[in-house]
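This report refers to the structure that appears directly beneath it.
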Amino acid sequence: MKGMIGIVVIVFSLVVLGCGSAGAQEAIKIGIIEPLTGPAAYDGQSVVEGARLAEEEINARGGVLGKQIRLVVEDGKADPAESVNAAEKLLVRDQVPVIMGAWASSATLAVMPVMKKNATPLLVETATSLKVTDPPSEWVYRICSNSAIDGQLMEKYLVPTLGFKKAAFMAANNDFGRAVVTFWSEAVKKKGGTVVLTEYHAPGEINFAPSLTKISTSGADSIIITSDIQTASNIIKQTYEMGLTKIKRLVTNGIPSEAIVKLAGVEASEGVLVHNYWVPFAPPKGQEAKNKQFMDKYTAKYPNKPVDKYAAFGYDGIRVIAQAIVTARAADPVKIKEALKKTKVDGLTGNIQFDDKNQARPYSSVSRIEKGKPKLVVRLN
Amino acid sequence: MLTEVLQQVINGLVMGSTYALTAVGLTMIFGMMRVVNFTHGEFYMLGGFFAFQLTASLHLNYYVSVVVAILAVMAVGFVCERVLLAPLRGKSIDTTVLVTIGLSIFLQNLALLWWGPTPKSIPLPFSNTPLQWGPVVLTWSRILAVSITFGLIVLVHLLIQKSLLGKAMRATFQEKDAALLAGVDVERIYAFTFTLGAGLAAGAGVLLGSIFLIYPSMGNIAILKAFIVVILGGMGNFIGAICGGLILGVTEGLGAGFVSSGYKDAIGFVLVILILMFRPSGLFGKARRL
Amino acid sequence: MTEPREKLELLTVRDLDAGYGDAQILWGVSLGIAQGEIVGLLGGNGAGKTTLLNIISGLNSPKTGSIHYLGEEITHVNTYNRVRSGITQIPEGRQLFPGLTVRQNLLLGSFSLADKSRVPEELDFVFDLFPILSERQKQLAGTLSGGEQQMCALGRGLMSNPKLILVDELSLGLAPVAVERIVEALKKVYREKSLSILVVEQDVHLCLELSTTAYVLETGHIVKQGPSEELAKDPQIRKSYLGI
Amino acid sequence: MAERDRLGRKTTAGGAWATRTVFGVLLLAAFLVPLALRGYWVRLLANVFMFGILAQGVNIIAGYCGYLALGNILFFGLGAYVTAVLMTHFGVPFPVAFAASGAGAVIFSAGIGLLILRLKGQYFLMATLALSELMREVISSLDITGGGRGLTLPMFTGGAATVNNFFYYLMLLLMLACTFCIWLIDRSYLGLAFKAIKFDEDAASVMGINPPPYKTAAWAISSLFTGFAGSAFAYWMGYIDPGVVFEITPSIKMYLMMVLGGAGTVWGPVAGALFIELVSELAWSRFMEYQFLIVGSILILTCLFTPKGLMDLVGKKFTWSLFTKGIRENKI
């Protein structure tokens, strides 16, 4: 009993010590919540790396409002509870006036109420759930796309151009997968196509032979695949192994082509269509030079890592925030929130400006993998 | 319809045989040592990563890599057994379970630090183009996986049935004290069993890793499946594990194909609960009190 | 149904067959224990003594045959309900809860008492009987010596205020002094509490000395029964068990 | 004046005065924390208390009864989903949903417990694991639970401080209630029966204990508090999906806390939760990538060397023989 109390006392004093350790800083702090550990760590780190490039660039130009900016990064583990903790830490300990994050939709949805209650704006960089901006929150701005926008954009191409008349869906059984199925199905149906089959899979599933066998006998002429990188690559690999290469295959939501080629193999990925957001080979028109500069800098700093959309969104996100702070003329949460409404940035990921739901319309495209290399098929906007 | 059934059954048998390979090692460790080994999934994962490292980075021949990877994991298994499980021999089962869970977390996160979270794919020495036999499609890697699986299983079976070591293993399994009296070095048998079990898990990891992808958390789903199979076949039942693996593979295939893929994984868990409640010694075991 | 007897029958075992799987261990075993009687059960290793005892206490179940207790059939009654109705087993090898304290072990003995207000009284009785247990109350039972453990086991059995106690291998692995000490206590309990005792024992001297009636069990069959004094004179028994 | 409880033990020892004072001060401090500290720390402590509840949940079934319910997170998820479904689809207020979550968990555990609690050791462990995975699969596929999509709960009304304080006190009170419950059990015949079952069920039945009802009772109490914690968690987070509330990691973490603090003790699991959560927050934030390596190592080392919990080591000299003794006496 005595020993236990001893430990409790030690722990409590650690808490108290920990509380007092926050000191004043000159720089303007920007909070970032990303998964730095766990299965999503690779992507989360990409966002942070992109953000760091923007930080360097901005500080090299003299910062904003005459001050340097400083990123304060917390690990949200792509988990709601952890992300909320991270948000609280950033808001209370570091008193950041704005946060970018929290990568996963579930984590972002959990962080949103905290932002509202602390009256601090959140810039959402990668979370695609519709619920993030619908219903809109005055404290939440999003620079990445959502499934409703994607579905709308794809309507013009999916059936008419790409010929997805009898589509089958293979989607992750989560908010993201289900939202894509809903809106892309609409896009198919509106142009006279039919959805033959929808197969949901659990996260982490590896064996798709049963679903693919079902699809092969269903008469589908195309498969729309929505999942994470490894699962999508696995599905592509298995479509090939099941001899389903005559069926058109489309991978949604910016899964990088190089990863598909690397994981599924050159043979299996031949002819696969990929729905991209930012991609290195096809930046939005007018951004080519800026894009090359970004790629060069990134490759110089992180030589072993290919540039991906997460880095680009991280980079753009910080630029948007810096721009908003300049417009606000103060590192004040409420002023930054107001400023974000008016902020316009010609970003790598598209021309960023927010609509009445605080949603930007990022650029997207469709490319086809030929002999292991992606070729641009169509720019969507 | 018939071709679809046939294809689904074949899919199921391919998956099922690798389930069986993973489960055989697990069931052996359980039957012999009464240890529920949660580290099994990590041995499976390490098998895949070692093979990847050998083929992709050191450019070793694929088949050589498979063997070396299995041996390497066996070495890891041996060390774990000696250092962590041997001191706990005869102690509460709960403690050993928690230790293997701790080890599983440790190894998985070590792999995450070492190889990173991005999935890897093992380069294969042959083209994986589909082979069409009438209505049925298969690939060389799957045929290879099934053949190696059954090769390994037969090998282990012969080892247990024919060799002196196998006889000692069976004696230890049936009556530990009697085996001790008969001069069997039970400690050595335990170490060997655990090492062999780890090797079988690694074999499954290499083979499935060649068909699918390799990533640090790949053991999580593998061990769940292996547990299901072990319970289906009866804990400690070698033949039961093989049949259980095939049954699970085929039911999953047919269930996903003709019921709903959403409930594919649920099928296994329902089977487990039913078996535990009504036939705890497994489908093939003699009914006995637990 | 029961034929008239001189003494009131407490427990009657009739025609028990029992075994594990194909191995039959008991063959048509019958025995009776009257109220206030000490019955001895003799037999060598593997004769089936412990199996019989476990069937009486309900830990094992027989294939055929019946057990009556206080005129009611209890063949299929659960162990814990038998304990509640007053049959308590002092298991072989003591089987205390080694991780619990002596006191907790004793209290567990009183678990089946409906009226828990009697617990302090029973506890005092046990401590009176074995003062050493009182000193060691807070010690873990696993740390006691063999003799002390046997005392604790006996004390624990007494805590349930039983009508019948089944004592399995009282003397097993104990020093003669300790055995003597416990036998004395058992006799004292028998006098003061007027209960019935079934003593299962390999030590034939001890068993016949303690009991009034005895049975001899050999490879699952009752081969002899009768008053202990007579059995002690039986030449065959003297030869095979007493080594005379 | 020493009082005696039902088992005749003294309830106040002679030198317990200082302990009681320190304990009282700590309790008072715990109640005053939200006045002194802001959001993040209040939240962090509330999270610690939540893990305290979960660790106490496994303490009852595993620490006292010896049944390794590895899938206990099942009741956490169940509680969370009962609350979420009732609040979103039926507009039920939180207190009612909260009560319903506890009731739901108890009914489920009692029903299923009667069936699977006759399984022993590793078989029971497997069954609970399979049950929790099955529950996750079913909830991921049902419409009413939103499937894999998850559910967004109605927002808690009030400012940031109010929310944090509300859940802080809710978790604190739940943890105290749970601990009080265990304290009562520990000093009663019920606790004695649990411990007897843990050591040997046959021997327990020779004592007149009928194990099934006791085991079921233990699991029901365990699930009640775990379900409550899940309910509070769902409302606190405002959004749940199957991946979040059925994750296996917390299940393992709560075992670690229980073992580290001392299985089968009244305050051990709470101390374990405090230790693991706070130390991981304060010390390991620098070694973020290594934190699970550390968790795994601590679990192994605790099981090997101090199976009775960290408290067992306090006040003893750290010698090798102490470690080997730990291995010899292993029983969690």
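When the chains are written out, they are named A, B, C and D in that same order, and each has its own residue count from 1.
Just so it is clear, contacts are C-beta pairs under 8 Å (C-beta built on N, C-alpha and C of every residue); 3 or more make two chains touch, one makes a residue touch a chain.
Quick caveat, the model's predicted, so the values are computed rather than measured.
The chains in contact with subunit A as well as with subunit C are D. Ranked by how close its mean Cα position lies to the mean of all protein Cα atoms, the top chain is D.
Rounded to whole angstrom units, the spacing between the C-alpha centres of subunit B and subunit C is 49.
Put simply, the C-alpha centre of subunit B and that of subunit D have 32 angstrom between them.
Once the centre of each chain is set as its mean CA position, subunit A and subunit D turn out to be 35 Å apart. Averaging C-alpha coordinates per chain places the centre of subunit C 42 Å away from that of subunit D. Residue positions 173, 200, 202 of subunit A each touch two or more of the other chains. Within subunit B, contacts with two or more other chains are made by residues 112, 220, 262, 265. Annotation, chain-chain contacts: A-B, A-D, B-D, C-D (touch as defined at the top).
Across the interface of their complex, subunit A is touched by residues 16, 19, 22-23, 26, 29, 37-41, 43-45, 47, 137, 140-141, 147-150, 152, 155-156, 159-160, 163-164, 233, 237-241, 243-244, 267-268, 271, 274-275, 278-279, 282, 288-289, 291-292, 310-311, 314-315 of subunit D. Those residues of subunit A that touch subunit B in the complex are listed here as 38-42, 173, 199-202, 204-207, 209-211, 213-214, 216-217, 229-230, 233-234, 237, 240-243, 259, 262-265, 267-268. Contact residues on subunit D toward subunit C in their complex (touch as defined above): 6-9, 189, 192-193, 195-196, 199-200, 202-210, 331. Residues 62, 66, 68, 70, 115-116, 119-123, 125-127, 129-131, 133-134, 137-138, 140-141, 248, 252, 255-256, 259, 289-290, 292-293, 295-300, 303-304, 307, 327, 330-332 of subunit D are the ones that touch subunit B when the two sit in their complex. Residues 30, 34, 36, 84, 87-88, 91-95, 97-99, 101-110, 112-113, 220, 224, 227-228, 231, 235, 260, 262-263, 265-266, 269-270, 272-273, 276-277, 280, 290 of subunit B are the ones touching subunit D in the complex.
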